[in-house]
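These notes are about the structure you will find just below.
Lettered A, B, C and D in written order, each chain numbered from 1.
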Amino acid sequence: MNIFDFSEGREGYYGEYGGVFLPEVLHATIEELLACFRECKSDPNFWREYVELLQNYSGRPTPITHLPNLSRRLGGAQIYVKRDDLNHTGSHKINNVMGQGLLCRRLGKRRVIAETGAGQHGFATATMAARFGFDCKIYMGAVDVARQRPNVFWMENLGAQVIAVEDGQKTLKDAINECMRDWVLNMADTHYVLGTACGPHPFPEMVSWFQSIIGLEAREQIMALAGKLPDRVYACVGGGSNAIGIFQGFLSDDNVELIGCEAGGLGAGSNLHAARLAYNDASVGVAQGFKTYFLQNDQGNMKETHSIAAGLDYIGVNPIFSYLWEQGKVRFEAATDTEVKDALRLTMRTEGLIPALETTHAFVTAIKEAPTMAKDEVILINQSGRGDKDIFTIADALEDHKWKSFIRGKSDQYQREDN
Amino acid sequence: MNIFDFSEGREGYYGEYGGVFLPEVLHATIEELLACFRECKSDPNFWREYVELLQNYSGRPTPITHLPNLSRRLGGAQIYVKRDDLNHTGSHKINNVMGQGLLCRRLGKRRVIAETGAGQHGFATATMAARFGFDCKIYMGAVDVARQRPNVFWMENLGAQVIAVEDGQKTLKDAINECMRDWVLNMADTHYVLGTACGPHPFPEMVSWFQSIIGLEAREQIMALAGKLPDRVYACVGGGSNAIGIFQGFLSDDNVELIGCEAGGLGAGSNLHAARLAYNDASVGVAQGFKTYFLQNDQGNMKETHSIAAGLDYIGVNPIFSYLWEQGKVRFEAATDTEVKDALRLTMRTEGLIPALETTHAFVTAIKEAPTMAKDEVILINQSGRGDKDIFTIADALEDHKWKSFIRGKSDQYQREDN
Amino acid sequence: MSLATYIAQRRQQKPLLIMAHVVCGYPSFEANIRALEIMEDAGVDLVELQFPFSEPSADGPLFVRANEESLKAGTTIDQCFELMRLATQRFSFKIVMMGYYNTVYKMGEALFVKRLEDAGGAGYILPDLPIEESKVLHTASAAASIDPIILMTPTSSDQRLAQLGAASRGLVYVVARKGVTGGKTDMDDAVVALIKRCRQYTSVPIGVGFGITCREDLDALTGVADVAIIGTAALKAWESGGPEGLQAFFKALTV
Amino acid sequence: MSLATYIAQRRQQKPLLIMAHVVCGYPSFEANIRALEIMEDAGVDLVELQFPFSEPSADGPLFVRANEESLKAGTTIDQCFELMRLATQRFSFKIVMMGYYNTVYKMGEALFVKRLEDAGGAGYILPDLPIEESKVLHTASAAASIDPIILMTPTSSDQRLAQLGAASRGLVYVVARKGVTGGKTDMDDAVVALIKRCRQYTSVPIGVGFGITCREDLDALTGVADVAIIGTAALKAWESGGPEGLQAFFKALTV
């Protein structure tokens, strides 16, 4: 199945989702980007250069790890994990970012901007900008700046300017708006490095293309390791880039079930979640440059969302997923904050892995379903990132008292030093 | 050159350095360990299993990254970096730890203990223990617990018990003493996972063997990438495990200069450093189970040491290095705390890499020497770890005010929540 | 009366018309009415009523906050149309809806056009709706004599201007500079050149907006454009001086 | 008089000798002298003088702290030998040096033996010096009639005990249990069996240490071992009760 074959429909549309809904002033910029992307996509040297860059700089291919302890404990399917947490900067975000870095250089631009939620994409973009020698400005919701300060610290030290966005809900969606505002002013020398498979065409296609490296590697690796295709593949879905990345390895395999795992927050009916498809609270709309399912009210205004994982805390979803979901090709489930904490504890203790809070949503769903599967069935989870970055959030969530008193001690120390 | 060919001298000795200086009660344990290690070393399946484990779990082989920007800026040799920071848990420590995990399983033991300085080795050991299903206790100097709390947090969450050692200088050497005290009581079911190429034989040889995977990979990779052997190889030296790891790839190459980079702390003559060989302040002694150069006074008592990098803050050094240094086979240099901060800033901004503070000592020396070398010469630096773990130390060192006010805000929040 | 006819008529009397801007429900609907009265008194010819949206990504800080505050106060689409209905009945200027496409999409395009017509609106400005995506809406609008106000920009190529011109009805909105609403634009030769370029591709009247703040700007546009579009500057005047501030602002503009 | 002869003579009068332990310079050298006086009065037969070391890895918490405090107070090796010289002159018990090998290594082994001899010491206990590494030191010691006190342990194999026995001189130190100094050991059948096993491999007297705290422990060792070695328990008594506490401790032991 080739979701990017637009010969029978409108380019940039997946069913009725996708498209370009941008201010006219960006028309030429988007056209220029699209043309450049088409060129890259049809140039085998580009992909080769991309793969080489990721190999030499980011450590690809990332391995697949079998989790014998967790599988045994759950008593069902054999669980395997694709280790994109081992990437440089700690998540799959670097794949997309490095690809867009190459593309930006080809466009002849020397400045990049990016939105970031969890901070992973901003961290990755700041890293890429340092490496490519681009100027870099990162927009990040003020709420996210507060909860993901370590990433902000690194972005700044990598030379990026981080802007705390004080509008709206002060999270990812507001950072995206702010990026658009920068872009409509500075498009001449600026490339907008969108961080997930959302936004106007060609971003969903482009981000998916770069992230497809996960699925390409994973398919071959799991065949070699498990001796068969996986029965189910789980990935968390924020914007939906890591998920589409790994799913692309298996889209044409009818017997592989694909499961997208969204942020259930405080649960169905709580109104404090970011589950666009799993909870059926979302409806189709147009915002942030594209058409998809959004968590919005009947007036078309976006709702507040919530997740323990900043990187999943987003109103919209990859338009390709809206389509694949309606086609029954991808199933959507949600994991609540509480379930995420438990699954994280379990995964750390049984296998020595620390998935990011975002990623842990995929673990929750896999852990729920594994016991109902046969012992010779195979589960593949995409570990999109590592949890180190989330120490403040995780320590808060687990109510770690030693951590709290450490922070108090640090604060007292700073107080003393400043006096 | 095979440093582990003991046929002409005493087993476990490198020149006059090394040996076994342990309480008699451990004699049988060390013999058992030695026998098991010999068995593993001569069993090709063991090495194969080891390599596979690291590939599937930790992401080996780690790549080599060329640093074009830094090289250009310095105007001399081409700089390449071996990326052991991309390992699972963020440093080369995992190599040794996974190897010892396999060995511990073969010994039939179900409990591991380990000392840790920076926390990296403890983090790695806790991870290994979770993965192998071992009980795990980590000893860590109280000073290090304070400055490396994030690692402690993860160790505990991985299921390890972390003991803050309040004796002596409350750093790495004291944690090692405390491990010995545990071991002399619990040797029956406990393996001591020593974290660096120090301590009694066979630890220096064993740790070196496991870490040789770095050099094995690196030699082949740099030949492929740079088309020639490196002219100089730089590695930081705490205990001396990552350095001996990469150096083993080039020990027989006469034209490759090997440079060990120690912690210069506040500088030569300051008495606040941990440069055993570069500053000539150390003398030969016997402590912590082996004979080597130690930073000790004329009474044979160990001096206080200091480094910005907890993982280099150690009194002794790999006995193999004492020998290789005297043989003129490895040159030793030191980098001061101040130089480390500058090199870290430079590396982050020019290449998007965040070396650990330990690792940055190697960057300092390479950065100093690169401009004096020809453009067609090749430098290889071993990036033993990533700097994420050091956020508190780095933020303190760089006097980051935003970080400080973030910590104060966090502290206030905790205060409020507890009231 | 269609927008084009209305503008043509007014232009008989004035060399340059003025289109002003109000964010519905900000700071309140009462304040909106007061502002509209002042605009009427000042001889404003057209008014954009902005329907607040949660993601106003083409707006600058002042309008962003206005959108947010209005929504926070509970503003609904019904209230916006009601304001439009009242205003079109009471005032002599023409009113167009300004907003983001999701407001229209969510309601349904046919219903939107019908409600706009019912409320007496003459057209709409939807900055995030490109012509490629507006066929259905434009068709429905044409049937109802509602005009889509198309934007032409400094980055538009000649080829693009031709496409935009072909779709233009009622009034074309020439964006004087890149960026979002707010800030100041020099109404210099470049702007004049841009307007002239746009003229080649459309026969409908041309409004120019983004950064018009003073009498001098209007002078520069007179004889070049048909309508000067004033947004942020008026809101700023209200914010700092209330109704009197707004009065003074328009006075300074038109004297 | 050699250690072996001294012990043999004393054993004529007592079924079980006592070896006590003092950490040089802790809490002070004056306190050391006072403690030695009390030991002399209590009829103690042998005393280990521990030379403090910065890395006392075979010691438990109490001795670790004592080592640390002593060094912090500035204790030097000269002072330790001086205490030994004073004590051997003044008291009737024999004195051995206890410490870590680095103290010896750093000084040089020949010099160490000479200074020990000059100070009247009879032997030394170096828990981190295995017999494989002690050839030079043992040879120098033999020439000076200084005895290395070898440790035998519960984990030693028969083969190992044979090696240790072959190297033993003056006194063998049987470690009653695994672990470091401090804590309590049950002087049970296992300990007795261990001592008997050790006896098969050496002809020199046997001392037993690690965890001896009370009269009952001595009773259990009487007739099985030659010397009971008391370390931590005595220091604990001093720490909690001062000189009187130490007196009372030895009184309770020997009555």
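Methods note: a residue touches a chain if its C-beta (ideal position, glycine included) is under 8 Å from a C-beta of that chain, and two chains touch if they have at least 3 such contacts.
None of the values given here were measured: they were computed from a predicted structure.
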- Touching chain A and also chain B, the following chains: none
- Task: Quick one: how many steps at least from chain B to chain C, stepping chain to touching chain?
- Result: 2
- Measuring between mean CA coordinates, which chain is farthest from chain D? C
- Using mean C-alpha positions as chain centres, tell me how far chain A is from chain D in Å, no decimals. 66
- Query: When the centre of a chain is set as the mean of its C-alpha atoms, what distance in Å lies between chain B and chain D?
  - Reply: 38
- Item | Interchain centroid distance [CA atoms averaged], chain C/chain D, Å | 98
- Task: Give me the residues of chain D that touch two or more other chains.
- Result: none
- On chain B, where are the residues touching two or more other chains? none
- Query: Taking touching chains as linked, do they make an open path (line), a single closed cycle (ring), a hub with spokes (star), an all-linked set (complete), or other?
  - Reply: line
- Note on the structure: One finds touching chains in the pairs A-B, A-C, B-D
- Message: For a test of understanding, state which residues of chain B touch chain A in their complex under the given definition.
- Response: 55-59, 62-66, 69, 83, 86-88, 90, 126-131, 133, 146, 149-150, 152-154, 156-159, 225, 345, 348-352, 354, 388-389, 391-392, 394-395, 398, 400, 402-404, 406-412, 414-415, 418
- Message: Show me the residue ranges of chain A that touch chain C in the complex, using the header's touch definition.
- Response: 19-29, 167-168, 173, 176-177, 180-181, 184-187, 283-289, 291, 294, 296, 298-302
- Query: Contact residues on chain D for chain B in the complex?
  - Reply: 52-58, 60, 64-65, 68, 71, 76-77, 100-103, 105-107, 127-130, 132-133, 150-157, 160, 164, 175, 178-180
